[in-house]
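The block underneath contains the structure these notes are about, expressed in structure tokens.
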Amino acid sequence: MKRHSLIRAFSLLIRRDFILAMRHRAEMANPLLFFILVTSLFPLGIGANPRLLQAVGPGVIWVAALLAALLSLDGVFRSDFEDGTLEQYLLSSHPVSLLVLAKVLAHWLITGLPLLLISPLLGVFLGLPAAGIQILFITLLLGTPVLSLIGAVGVALTVGLRKGGMILSLLVLPLYVPLLIFASSAVDTAAAGLPVTAHLSLIAALLVLALSLSPFATAAALRVSLS
Amino acid sequence: MNLTEFLHMGGYAFYVWTSYGIALLILLANVVLPLRQRRKLLTDIARTARRARRET
Amino acid sequence: MTDSGTKSYSLEARALECVRDDRTLFRDLAFRLEPGQALLLEGRNGSGKTSLLRILCGIRLPDAGMIAWCGTDIQRLGADYYQHTAYVGHRDGIKLDLTPMENLAMARALGRPSDMTLEAALARVDLYGFEDVPTRNLSAGQQRRLALARLLVTDATLWILDEPFTSLDVHGIRVIEELLEAHAQQGGMLAVTSHHAVNLQRSPVHRINLSA
Amino acid sequence: MFNNFFHKLASPKYFYRIAGAWIPWLAATCLLLFLAGLYYGLVVAPPDYQQGESYRIMFVHVPAAWMSMFIYMVMAVTGGIGLVWRMKLAEVIAISSAPIGASFTFLALVTGSFWGRPMWGTWWVWDARLTSELILLFLYLGVIALHGAIEDRRNAARAVAILALVGVINIPIIHYSVEWWNTLHQGPTVTKFDKPSIHISMLIPLLLMALAFKLYYAFVVLMRARCEVLERERSTGWVRELAEAK
């Protein structure tokens, strides 16, 4: 019975965040627009030489995804913190780490998934070959949840601070480095027609690691931020 | 060994001595800063204590 | 509404100390609360009432001492403690963009559900008929009553309330007082801070004045 | 007796006194080691057959890089101890380590750059070790910024501990990924700083310097920890007495 109510709380929390996001549809689109804009600025900045674009494409798309994730992350716990619902999670009779996981999952579904779906279009913009676009999609599929999971720890640490946003990027961006390296080089390698199983399994390993550790760290950080 | 030769460092004097100089600066700063902080803290605490005593 | 009175719950504070901004708010504070009893915290602003309630919730760590639930440190109990507690703090802990029903459904899912339906809980705090109005459109007093309705949808023994009567009118205060009285009569426990005098005629009330 | 010692050490007043007694001895030993290390490193050790005299930067660069990693580990471990067992002294050590670790990281970066300039002909190369060191500096700066932003000292210490633990899990991954990225993009053309075998005449000063850096960290962290203890205990009687006795 207890397990049943945990599953119910988990799904209700996700559904609740969905309803809230739908009632603020305009805000929901911001990270996505940011992602598209930043990516399309690069050809304007460095010139539209197809070979150059193709060379920097994977890195550009991944850096843009990273920044878009960072931009959207600030809101994961902010409003819950301000209206006091965050306290209610901590005082719930369910494990806080699982509630956190529900929040992060909802965040990924709301902001990460749209990024993922639009990414092939950006791949075409930057002239990536079909094999590269395919792998780009897979790396984003495996990688954007990692962005949300790692970011959640940083947000949880800074949610009580007045100028949390700047510090958040300082805390989180260095932790994104391995993912950025593995993912963009996977796309590069695929574009060159070489096998990328090693890259993909490394990213999958990062995902497993983040999934298993980050909810606990986030829960602990929320406790600190609220005390 | 000849001193000028030593200071010359086989032509790498600038790189070697700047590196050691920066190291010295950083190491010294790490010693001096806590010393100054402690002195400031102690006078600060003493002042607060004196003020508290006058108020009561 | 609460567990059957046969189980003997107890909440105990042992040698609590709380320091904030280099100021010791209280030291060596001890009390014991049993089913049917209410704890009323009094004191000036900034005397540590809210801090003490947050320590009781386990959100804030005491600088010394501990809170024990049935003899065990609440920091060790974690979720096993929280299934017995409900907290309404300064902030209402409700989402203004959701309806009262959606808010209560979430609150119920986070704890151990009680037998009362969500509609019945809303009716108890005089919000019957507001089920689907966006919470943002309710008045401050109505929002506060909605926050307090959360207490009814979970099966908690210990209610921890920080200024429950804020922004309530005379009628609202009476409604909530009845709620508290009924909870205590059924073997519940209360820990409350309030500027208002709290009228609980039929239940034993401990008073702790933190300014003293 | 050992247990008793640790129990006493947990008392801030006792720690303040005992640390104050140790600092001069640690500092003196550290100075001697530095002098010996410098003598062997700058005077006794022969020039490198490839890099000439410029390799002598190694005697500050390598120990600084070692210490930058080591101090992060210390920070995470003591932070974790403070988090789990609520040991205030461990929190203090963790917090006091951050600025020292950051300055060692900075030192490693700058000396690496000064060493690289005559070797590679540019001030900065995206070499695996320098890049890792740069990211480590960002991690340190994050810790320091977070600590500075949280007003309550105990909360700040707990937040920093969580961040340091997350960082310490990530450091090996970052290290590995950067190493991998480096071989991918540049090929193994860049000369590695640490050669597989190092001559004994160079090893001795390197080890002396490394030991000196360790002792230096020990006494500087104690100095900082003493300040932190004073700050935290400023409303207690013994700190007031101490302050007014001066």
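Letters are used for the chains, namely A, B, C and D, taken in the order the chains are written, and counting of residues starts over at 1 for each.
Operating definition for what follows: contacts are C-beta pairs under 8 Å (C-beta built on N, C-alpha and C of every residue); 3 or more make two chains touch, one makes a residue touch a chain.
Since this is a predicted model, take the numbers as computed values, not measurements.
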Interface with more contacting C-beta pairs, comparing C-D to B-D: B-D
Far-end chain from subunit A, centres as C-alpha averages: B
Inter-centroid spacing, subunit D versus subunit C (mean Cα positions, whole Å): 47
Approximate Å spacing (C-alpha centroids) for the pair subunit B, subunit D: 16
Intercentroid distance (Cα basis), subunit B paired with subunit A, Å: 43
Between subunit D and subunit A, distance of the C-alpha-averaged centres to the nearest whole Å: 32
Multi-chain contact residues (two or more partners), subunit C: 61
Contacts with two or more other chains, residues of subunit B listed in rising order: none
Contacts with 2+ other chains: residues of subunit A: 227
Pairs of chains in contact (touch as defined earlier), listed by label: A-C, A-D, B-D, C-D
Touching residues (chain side subunit D, partner subunit C) in the complex: 86, 152, 154, 234-235
Of subunit A, residues touching subunit C in the complex: 5, 8-9, 12-13, 16, 19-20, 23-24, 79, 82-85, 87-95, 99, 223, 226-227
Subunit A-touching residues of subunit C, taken from the complex the two chains share: 54, 57-61, 79-80, 82-83, 85-87, 89-98, 102, 105-107, 109-113, 150
Touch list for subunit C against partner subunit D, complex: 19-24, 61, 63
Residues on subunit B engaged by subunit D in the complex (per definition of touch): 1, 6, 9-12, 15-16, 18-20, 22-23, 26-27, 29-31, 34-35, 37-38, 41-46, 48-50
